[in-house]
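Data block below; observations after.
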Amino acid sequence: MMPISIDSLCCGYGKHQILYDVSFEAGQQITVIVGSNGSGKSTLLKAICGLADVYSGEISLYDKRITGLPTYKIMSMVSYMPQTNNVFGDITIRDNLLVASMPDKPDWNHIFEFFPMLQDRLHQKAKDLSGGQRQLLAMAMCISKKPNIILFDEPTASLSPAASNMVLEKIKEIQTALHNCIVLVEQNVKDALAIGDRCYLFAGGKKMFSGKPDVLLADKDFDSKFLGLADDNTS
Amino acid sequence: MIILVDAAIYATILSILCVGLTLTYKITNVPNFAHTSFAILGMYMALIVTKIFDANPYLAIPMAFVVSGATSLFLYYFVLRILQKRTKSFLPLIVATLSFDIFMIGILNILADTITSEFQVISRDFTLRSHDILIFDMPAILILSLAATACLVLGLYYMLYKTKFGIKMRCSIENTSLAQIYCINTQRVFCVSWFLSGGLGGTAGVFLAVWFQGDPGLSVLLLPSVFAGSIVGGFTSIYGSIVGGLVIGFSEILVTDLLARNFGYWIVSYRPIIPFLFIITTLLLWPRGLSEIIKKVQERI
Amino acid sequence: MMLEPWIIFLADLVAIFSIYLIINLSLNLEFGFAGIPNFGKVLAVGAGAFVMGMLPIGLYGVMFGMTQHSIHDNLEMTQLINERLAVHPELGFLVFGITISVAMAVGMLLGLLSSYPAIRLRGDYLAIVLLAFGEMIRIVGINQEELVGGTLGVRVPDLLSFVPEEYRFLMFSVLLLGFAGMVYFAVSKFTGSPVGRLLRAMRDDETAVQALGRDTTKIKMKVLMVAGMIAALGGLLYASYVEGVVAFGYNRLNWTFLPFVMILVGGLANNKGVLVGTIIFVAIRKLVIYFNDGLDGLIPFDIIWLDYLLLGGIMLVVLMFRPKGLMPEKPNT
Amino acid sequence: MNKFYPIIAGIIIVIIASSLAFYSQQDASEMSVDTSPNAITIGALLPATGDLASHGSDSNLAVQLAVEDFNKHLIALDSDYSMELIVEDTQTDPVVALEKIQSLNSKGISLIVGTQTSAELNNIKSYADSNGMLLISPSSTSPKLAIDDNIYRLIPDDTKQGKVLAELFVYDGIKVIVPIYRGDVWGDGLYESTLDSFVSLGGTVDPGIRYSPEVTVFSSEASLLDGIVSNYVQDGYTNDEIAVLVIGFSEVVHLFNFVGSYDNLRNVSWYGSDGSSNDDAITSDKIATAFATDVGLVTTQFSAPDSPTVQHINQALIEQTGSIPNAYAYSAYDAVWLIGNAVLETGSTDSAVIISALPDVAATYDDGAIGKITFNDAGDLAISNYALWSIGEDGWYLHGYYHVSENAFDFYDE
């Protein structure tokens, strides 16, 4: 039983189609999705969460069909960390975590085990945190319900190299500890592939490659192929 | 002295209305031009309770809260929610609330006609002031409207900061899609807010009935003052709107009085212009309202 | 000899349609094309009417050497003037021409005034400020008797005094249609030119237009001035059509809200849409007024309120089901 | 681009076709308007919302009653005529009033009762004149509209009432009048005429307070009024020499609720106008009644106070609204009868015939609610006696009477 299985999905926003006939599977491991800007990798995550318009195809979580369900219902099975605006800035860190674990009370020990730095900042407002800290808080919010599936949308975007390493290591740590299904969308290709167990390459809204990361990394033409695709898309 | 009491009552009632208006603007970004019609609906509830059931007007508050709240919810759920899905522009929303207001004028007039024809009760230009009671030798309306405003301040604080629903509400306001990601049924939060906003309007309406002269047409006349209060308060700050309502209420009465005594009584008939002047100056000079003014004053000091 | 009822109906419809078309075109210029939600449309419309109420009677007074007070002896004076104009129609047209230019200049100035907030504010805040601007004219008009007779209003000398009485309103409808046609032609030319495209570009992405080196502030000012001119013309024509100005009538419902509804019904940034929206709305409203007494007795409440329920209800339905109007803006033209 | 022209053309054709279709259907089936030669169709242009809604609804009911009564009268006469009524709401808005009169005109209705205010009348006057429509206003009192035209006004213009009020002040020994009045056509007009009359009789009139009809709460007005009155007290006038004249409609109740808190204002006499005469809104409110009795409020109202017609109207309207109608309702009632009688007299429903016949018809009409109707050259009610009303324990009572021909008062309760 696959945590996530997607069958020939076409989706987009309103009349703008983004993904074309994409099939996708993720197991209890870290699945990395790479691709250039606009290749539709983030849209895939949004489609799973019910935030994009699905035109055709099926999305199932543990064999349960979820296409068309409202977001707040899907989210009881999945945690999703958006790329930006992923914490509530106007409320305290404590309240952020409270919201994230509703309807239950947060398991503080579980959260502080992974993110000890949050412990003494509980009453700070989230908007007062630095960029890296904010990403950590967002991740903490994602794991507060101990979900079986976590979707990370470019968690390292706009972070310094040191902070992004920290974030990626955290993701690895979470997966090792919880043995759950993690889908990671990344621009930071090489670092992401290093922690991934399986990877997908998207371009122009279509799946170009899927398999072990080392295969992709080992591909001699990787750089040129990848960058070439990127060029195609940005031009 | 008397005028201060009068002004205090007017100002507190106004601030309750401003809170309702601000609440829905803050949460769903709709400047609700039909807001005062909920208050007029509340006024008629008070009339019905007082004249038909022969009870104290304040007993109408629960009924007014529910009826006006339900009307407000209707407007949101069946009109604005759908409209917001179809268009991103704010203008159809404004026009929709204005249209709803026209519709409400029809409904309120039918209600007034029915009250008169069925129960022979005067239902236009009515006032229930003589049904007010005295508490500690003061008109109950003064005590109750002050108490209601105080309750509103404390109650909203408690609700927004101490309850789970309050946190959900603040999250939904700040970032609707993120709130959905964290399993918050934002639609329900919005609906509750509209219900609350309408309910507050209805409650204010009961107070209005005891102090003002009620008529279906009052809604249009009251609207500028309510908007001015909310805007002076910053339009998105709930506490600001309470203060804004008080500022407008007191200024409309005391400033008119002061100006008339100093510059001549012809000024009195220009009174309806006061809220508009407040709206224009606030939005042009300090669009974020009182908080911005306070900040600027602090910087100077 | 009375006219046939259907001619009367059509003539009245054409008159109201033409006046609203002129005002709606100017609103569409501001809101549809330039994205400025002028919720104070009544300001320029009212100003145009006020000029019509003040200027001609004063001019004729000087011309004919009248000693009466233009406001206190207003009725007597207009009657005398109308008698003279019946003999000398050319004087009427001369004064009418002068009045139009003055009214348009005033409308332009008010457009300039509206541009002050329009440059500084956006969206609903701007709409509310302009709404407040618009309310001023009515309140001042009611309270300053010297302007247009305060609460009673004034009468306006009739340009068409030389036309036989029973054909006067029919003739005026034709005249109004002519004006509306001219305005429509001019506005279409304007919006069809590169300026129209620039306006729409500014509405959609102001920074991009600024990046191209265009001064959006100036563009907004110009648009508001042009639109103010047209709206003032509309107000002036209404005042001359009814031969009177009553400050009470220049309220936000009649001259701001209804025009917005009409352009939303028709479709923004599309002059043909505005034309369609105006005719549909004016016609529906006239037909509702005309036929609603036929329902008397069929509904459980006073027929009068049906007007409100229908007006409110129809607008809500249109907004909800055709939020972009009947003729939506065509992309990339 | 060009495909839109057919759409526009189509829409216009549909609209024109539908309106024509309706018309032809109407001629055939007499759907909404009875166009048979024996139908007297009257239009009523009265406000149901807006500033003067409460008066409009009284007049509206009175017009409906009059049509009912006149139809009974026609049956009694065994006449072929029958009377029909179409009521339109002007919303107290001059722009809407024009739309509504246009609609009436296109239905072929040119005998109209309305409008309530002089401002609306001003906006539709040319339209009515050009289209040869008769307008009988039950309540437009502005002296500035007193000219010879198609408009009749079944009400004396305000100069008459102003004079009565001034005479009353002199009679009661009042030296100073402090007016508080409604800033609309009616209030402005009555204020000016009272001022002129009283000053010419040697009295003093304070500029007073002109409040906006859009005012929602009377706190500052009450406080300012108190200030003005106390200034006159300080200037050495006794309380008996100062009076407040309130020129307003039902909002007077609201005002009384506020002024009651000020001692100065309780100690002087108060006078009112036809706008508040017989207004049950005052007597149904405890505070307002107590205040009015306290200050001995006296109000003036034109009309014959005790005629059977007035009692008939009162009875019928109390049944529907629970309160005595305002005075304009009597004029509205008479307006319908005048039109009806004129049709019977002339045997024509043509408005031009009716317009010219109206003064003669009025002269022979004796059962009017407002008494004997004589029009002056401008088509306004020429003479009217005035009743003086006061509030006692049992509500409104007739306090006195002013005979215009003798320029003298009769008081009933002294």
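We just call them A, B, C and D in the order they show up, numbering each chain from 1.
We take it that a residue touches a chain if its C-beta (ideal position, glycine included) is under 8 Å from a C-beta of that chain, and two chains touch if they have at least 3 such contacts.
Computed from a predicted model, the values in this text were never measured in an experiment.
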Common contacts of subunit A and subunit C? B
Centre-most chain, if every chain is reduced to its averaged C-alpha atoms: B
Among all other chains, pick the one whose mean CA position is farthest from the mean CA position of subunit C. A
Per the C-alpha centroid definition, the whole-Å distance linking subunit A and subunit D comes out as 74
As a quick test, compute the distance in whole Å between the mean CA positions of subunit B and subunit D. 34
Whole-Å distance, subunit A centre to subunit B centre, using C-alpha means? 44
Between subunit C and subunit B, distance of the C-alpha-averaged centres to the nearest whole Å: 32
Would you please write down the residue numbers of subunit A that are in contact with two or more other chains? none
Per-residue overlap in subunit B, given as positions that touch at least 2 other chains: 105, 109, 266, 269-270, 272
Can you list the residues of subunit C that touch 2 or more other chains? 139, 142-143, 302, 304-305, 307-308
Hey, which chains are touching each other here? A-B, B-C, B-D, C-D
Within their complex, state which residues of subunit D touch subunit C. 1, 4, 7-8, 11-12, 15-16, 18-20, 22-23, 31-32, 48-49, 86-89, 92-96, 98-100, 102-103, 105-108, 118-120, 122-127, 129-132, 142, 144-145, 147, 183-185, 187-189, 212
Of all residues in subunit B, which touch subunit A in the complex? 164, 167-168, 170-171, 174-175, 177-186
Spell out the residues on subunit B that touch subunit C in their complex, using ranges where they run on. 29, 31, 79, 82-83, 86-87, 90-92, 94-96, 98-107, 109-110, 113-114, 224, 227, 231, 235, 266, 269-270, 272-273, 276-277, 279-280, 283-284, 287
What part of subunit B is in contact with subunit D in the complex they form? 2-3, 6-7, 10, 105, 109, 116-117, 119-122, 124-127, 129-130, 211-213, 215-218, 221-222, 225, 252-254, 256-257, 260-261, 264-266, 268-272
As the complex stands, subunit C meets subunit D at residues 2, 5-6, 8-10, 12, 16, 72, 74-76, 79, 139, 142-143, 145, 150-155, 158, 165-166, 168-169, 242-244, 246, 248-249, 251, 253-254, 272, 275-276, 279-280, 283, 285-287, 289-291, 293-294, 302-305, 307-308, 327, 333
